Amino acid sequence: MGSSRRRLLQLAGGAGAGLIFTPAPWRLLGDSAIWTQNWSWLPKTPRGALTSRATHCTLCPAGCAVCARSVGGIPTGLWPAGEPLCPAGFAGHHLAWHPQRLREARHDGSPDAAANEVEALRGRLEAIRARRSRECFAVLDLAPGRTASLIHRRLLARIDNGAYLEPPAIEGATARAVSALLPGNVRAALDLQRTKTLLSVGTPVADGWGSPARVTRALRRFRLVHAEAQQSRAADIADEWLRIHPGSETALLAGIAGILIEEGLESPSARRCPDYGEFRAALRRARGETGLAPDRLRQLARTLAREQPAAVVADGDPANGPYAPETQAAAAALNVLLGAVGVPGGFAPRMEVPAPNEWAGVPVSAIESLEDGSIGALLIDEPLPGCSLPWTLVERKLAKDALVAACAWSAVGVSRRAEWIVPAPVFLETLQDTPPAPDAVEASFRISDAFLPPPPDAIDAVTLLARLAGEEMAPAKALEERAAAIHASGNGALTKAGDAEALPVTALDSAEFWQSLKDGGEWRWSKETGGVEPARLFPPGAGLSVEPVRAAERVSGWRPAGVSPLLAKLWQESELKERPGAPRAGGSAS
Amino acid sequence: MTTALTPSMLLQRERELIRRGVDRCPLPQFLMWTAPWFALLVFGCYAAWLCLSQGLFHTNMDNQYAFGLWIFLDLAVIALGAGAFFTGFLLYVARKQEMKAVINSAVVIGLVCYSGAVAVLMVDVGQPLRAWFTFWHPNVHSMLTEVTFCITAYLTVLLIEYLPVALKNRKLCRVTRYAVFEYELHRLMVVFALLGAFLSFFHQGSLGGLYGVLRGRPFAFREGFGIWPSTFFLFIVSAAAVGPSFIALTTWITEKLSGHRLVEGRVYDTLARISGKILLVYVALKAADTLVWMNATAPARGFAARGFYETQPFGTWILLAEIGVFGLLPGWLLVSRRARASRAVLLCGAALACAGVALNRFVMTIQTLALPTLPFERPAQYWPSWQEAGTFLAVIAFGVLVYSFSFRYLTLFPQERELAFGGEKE
Amino acid sequence: MIRKNAEGKHARYGMLIDLDRCDGCGACMVACAVENNIPPGRPGANARTGLNWIKVHRIETGGRPAFLPIMCQQCEDETPCVEVCPQNAVELDPATGVVGQIPQRCLGCRYCVTACPYHARVFNWGDPEWPAGMEKTLNPLVSPRMRGVVEKCNFCHGRWHAAREKAAADGSTGNGPVNYVPACVEACPAGAMAFGDLNDPDSALTRAVAAGEAFRLLDLLQTGPKTFYKTAFAAVRKGVAGERDA
Amino acid sequence: MFPWVYGFEWTAGRIVFLGIFFSVLLVMFLTVAFVFLKSAVHFRTGRAYFIQWKSLFHELPRASRACRHALTGHLPGRVCEGAFECRECSKHGELLEQGREAAIGAGAEEIMGMTVPLDRYYHRGHCWVKPLKKGLVAVGLDELGRRLVGRPDAVETPPPGTWLVANSTAFWVKRNGTAVRVLAPVDGEVIAAGGPSDDWILKVRPPAPLDTRHLLRGDEVRAWYRREVERLELIAGRADGAPALADGGELCADLGEAFPERWDAVCGEMLLDT
């Protein structure tokens, strides 16, 4: 045994020594080197033809022009085409691959065929019809203002008791309040590019508000005064941050308005308003403690009056919800006092994008205004991440055994409440357009084309609704019809992708116009509508009081809060931004 | 040999592996002693496996604290393992015959320290399979290249030095081939002692140079001579200083644990005297280096030395402790004949010296990385994860086990047998 | 400060960042990640364990906070990381002046990470992971890195390479400088970043740097960065560059 | 590292650095290779067994390594450095020339109750060598050795034809489940192995003429035996403080039976096994 063990040791030793004279160890070294460089689980970069094509980012109302660089037709990057792009835009092409992306229809959380949903909704529709009840069939559009939204309204008009619901939105609240003061059917938009001083009350102007990248570019061109109780990003980058007491927004606005009137700095157009006297009386009641020194407030009022054009925006914060109506009214009124309504650099009137006349549909209803328990069936259209809305608000409105279905990009948003969910095609999977941003002073029409095939189960909400109404209506078709209507109007001009010059619409034929739009072209229509005077200082019936603002339910407009997992770079791997809705970690950079 | 192996036969067989004339506890008792260390080793290997198979996110290191517990461990362990090269140097080159009593033990300690350090380094690097790239694409300007080359070569030297010790096992030495090989190898040990001293000299220094060249880390950056910053020399001297102390300490611990006298008293005395003298030289050099650094090197780069000690817990106390409590004090305890006459004082001095060098390596690794460089940075925080601690403990357990087994089956202390014969004096 | 290259054959790419324009939107970070195939953050990753070639720091300056984008500063004098890499996985490309990292050769020892005073180097603490299917959107010009290696900004080497190929296809010969911009520069909505060749005396960058307003971070460390910063505010400069360097 | 690897340039730094590194490797390699070569040469020249013994010899405690001339008092306190290989010892040669060689005697001596025949040579490993006719010698355990071993369970002898080398293993005695090696006293070919009833264990044909310079004889034996009993008491008496083995000046007849636990240690030490 001893000798055999010794033999074994000798054999092992000899083998070890001999091995180094064979190629084996050297090959092993080389192979280990290659192996550590090409692990099988490392993703392979795509191979294929490199192309680039202009389109628009329709992830938010900004609708920025982008150049999609693709490999084998799949976009590998969206890069700015002429105008700047925001962080979310740079990773917009990831939405189709988002880990939370819904790829198959689900019923009560388990996979199911999408066809069932159509049947279920149709059955529900029949039931409502048979009972002739007061229940309605409603579409809740979480991305209102698109061409698809118009089609929803049109299709709902063909269904008995059809209702089109919009969620309460905070973005553009001041623009809407100002619009209400203008005579006629004119929409106001904040002309940020030409403004000189902007007082932002709680509005996240530096955090995805308006057209984020264009706001960023404009930021240093005007003086930004930001009033907010907490140090938000807007407070960070503002030229001046007013740390006001929480809930004192109305008092702040009223205080500035009062100083303007006291010192006679208000605009003549405000004095001409019929409710000027009533406003002055209301103002006296509304002034209150803001936490700012009176001198500072006075300085601010004087600056606003001196550094014209100056505007005030008080849309509210996505984290804390919209401001109370009186705050919005006060903001609108302050804009009138500053002479910022109807003028360049302030809230300028904006033309509406034409739509075919036959598209008249059901009116827009605010979801709050609906009667409780009146919805028999609800279809939620949630094509993008970032929508949020308190479900209790919707739940109240649902009938006892109401059916809730959704057409959604994922099953994690508002749509997670639905019994049936169908995957919706997302950005870059379908032709779509975008509504105008609150800082877009020109009417414009831009679309994004389909680059990728949607998942086989995917149906967009418009197609689904059309099937229920027994019609054929694809969003692409609707966009083409709308383009035709724009072309027919003869208004505005088209800038083809890559061109500097804009061509009048009349110089193109309809097909060429449509093709150019699909190829990344942009239609714009700006018409000087100067001389629009506000009809009132604040909307009829609105009061100004400094009652503490009620804790609003958290509602946001639609914003792509988390388009790409890469945005984790901003939320968790840097201290730049807090995750939406999360409190700021506090402190400075590492 | 056809009978089945009974437990008592097994014990007998095991006993035959132990050298005659020395007393070792029975196998079950020995296994009881090793069991917790084995458990620790297994746990640590699991922790290391997590890091190797999934990635270093299992550690709490980050892009600012890119080195952590492991590098500190490597530096400390390699400094303490310097006893191997220094004892070899003293015995074979300086002809200090007393060192014969501890040379085998020193070799095993060196082997344990270096192999442990290399093992943990392999876990610490992100791509251990590419470790040989350093030999393939060496950047000769990098201190780490010097370290890698020297440590690899020195680990080989230690393995060769360990061979005669291992071949002297009671069973192995009966094999004529091994015995002859061992005899001849032992005769040429002076070559390896010289090589070891040369390699150790360079890599102990390069480990210091590792930090000294970091111009991006003003706390560590030092001017130097030629291509070597002053930390290069400080590390060599400090390692040489604590090597004998650590040998004395481990010998004493082994004596206590085994319950036998292993070396003559004067061995302790010699070790302590040498350690103390070098330690005092080191303290003087360190103090001079600190003064130059505070008054010239750091200010020239826009950093006030005061600022380095404003980050808690790295206050000025750490510098004072390093030079005073863990430098001057043990230096004096070890050098003073009166003080080291007491074994307890001598061992205290040795322990303080060892702790001092560990503290120095800690400061160079951890404090260097904690301190901000950019003016707006905040000091970085770091606390090792359990995986890091586990791997750390595995290396300790590995060391204890290798040493325990070597002590049981090999002749680590040649005097033990003599002393067992009644303390016969040479 | 600027070395003139008489032949003008090689480029010394550099950057100038106007801190007064940066508002910390982070577009550069996202664009960089898209361009260079940087994976999404691991769960639990934070500012210090995250993978970012460019990171925007928020700095308190007493008044309004400043935002400071930091990426590899492309040091050219005794480049700290090049000097310390044991296996030549970091190289200073003489043709571009860009410090390049060869991930296929990197051992992952992180000595360079320790050596960099700007914390511009990041380590892959785990395997890079993209959501299923998203690897189809990776930039084909840049290889993804594996776990256990260090990576860093290389002024978009993939773009430089593509620009050179294009120049070659257009009939250019030799290794002369080519015109391109890194992703972050293209991305910056505020136009705060300027990129150019410091060897070209006529480039806007060279003129702006020569004008003397620009400063570098940790200039006294004498690493010779080719990334410059500028600001009109003394407080910002002090907060960013410190008392001595400012 | 090598000129054909990408990016290699001959710079001064590289030449110096790699030069040093490769020199170190070369020295290491050459040294180890030399050791291998030297070992092979020892095997070829037949010195391997002696080297093995020499290597083990230095592991023995000082007390076991006393020079034979120290035992007799000619060279007090001298410790053998030549592994008991008096044939190669210059000191021994010197003393022989001075006529200090002890003479082989006759009869037997009673030492501490043991009968030690003086008509033969003794090896330090407690084997005697007794010249026989036809150039053969008998090899057997001496009295102390026999008492130490007692009744062995087995004696493992080399097969006839084996070449013994002095100081290498002659045979093994087994007892209590363990084995102790007994050193060969002379060089030579094994002719026969004795049985349990024989007082000899091996018959060996050493090269003629028989070289006995390294073996003890005559007066030396007496001094050596006294010293060996002292050594035995020291070995057996240490550690657990067991009583001396001598019982009224007489050694017990079978140590293996009296102290089975410590037999291996004591017997091994006495028979110079490591």
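Chains: A, B, C and D, in written order; residue numbering restarts at 1 for each.
Methods note: a residue touches a chain if its C-beta (ideal position, glycine included) is under 8 Å from a C-beta of that chain, and two chains touch if they have at least 3 such contacts.
Quick caveat: nothing in here was measured; it's all calculated off a predicted structure.
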item: Third chains touching both chain C and chain A; value: B
item: Chain pair with more C-beta contacts, B-D versus A-B; value: B-D
item: Most central chain, Cα average position; value: C
item: CA centroid of chain A to CA centroid of chain D, Å; value: 96
item: Distance from chain B to chain A - Cα centre to Cα centre, in angstrom; value: 62
item: Intercentroid distance (Cα basis), chain C paired with chain B, Å; value: 40
item: Of all residues in chain C, the ones touching two or more other chains; value: 46, 48-50, 57, 59-60, 68, 88, 127, 146
item: Interface hub residues of chain D, defined as touching at least two other chains; value: 7
item: Set of chain A residues in contact with two or more other chains; value: 36, 588-590
item: Pairs of chains, among all present, that meet the touch criterion; value: A-B, A-C, B-C, B-D
item: Chain B to chain A touching residues, read off their complex; value: 1, 64, 127, 129-130, 132-133, 175, 376-378, 380
item: In the complex with chain B, residue positions of chain C that touch it; value: 42, 46, 48-50, 57, 59-60, 68, 78, 80, 83-89, 105-111, 113-119, 121-127, 146-150, 217-218, 220-223, 238-245
item: Footprint of chain B on chain D - complex, ascending; value: 1, 5-7, 11, 13-14, 17-18, 21, 24-25, 27-28, 31-32, 34-36, 38-39, 42-43, 48-49, 51-52, 54-56, 59, 61-63, 168-169, 177-178, 181, 234-235, 238-239, 264-265, 268-269, 273-274
item: Sites on chain C touched by chain A in the complex; value: 20-21, 23-27, 29-31, 33-35, 37-38, 40-41, 45-52, 55-60, 64-65, 67-68, 104, 127-128, 130-140, 142-144, 146, 186-191
item: Chain A - residues contacting chain C, complex; value: 36-37, 39, 41-48, 50, 71, 74-77, 79-80, 84-88, 90-91, 93-94, 97-99, 206, 212-214, 216-217, 219-220, 233, 236-239, 241, 564-570, 572-577, 588-590
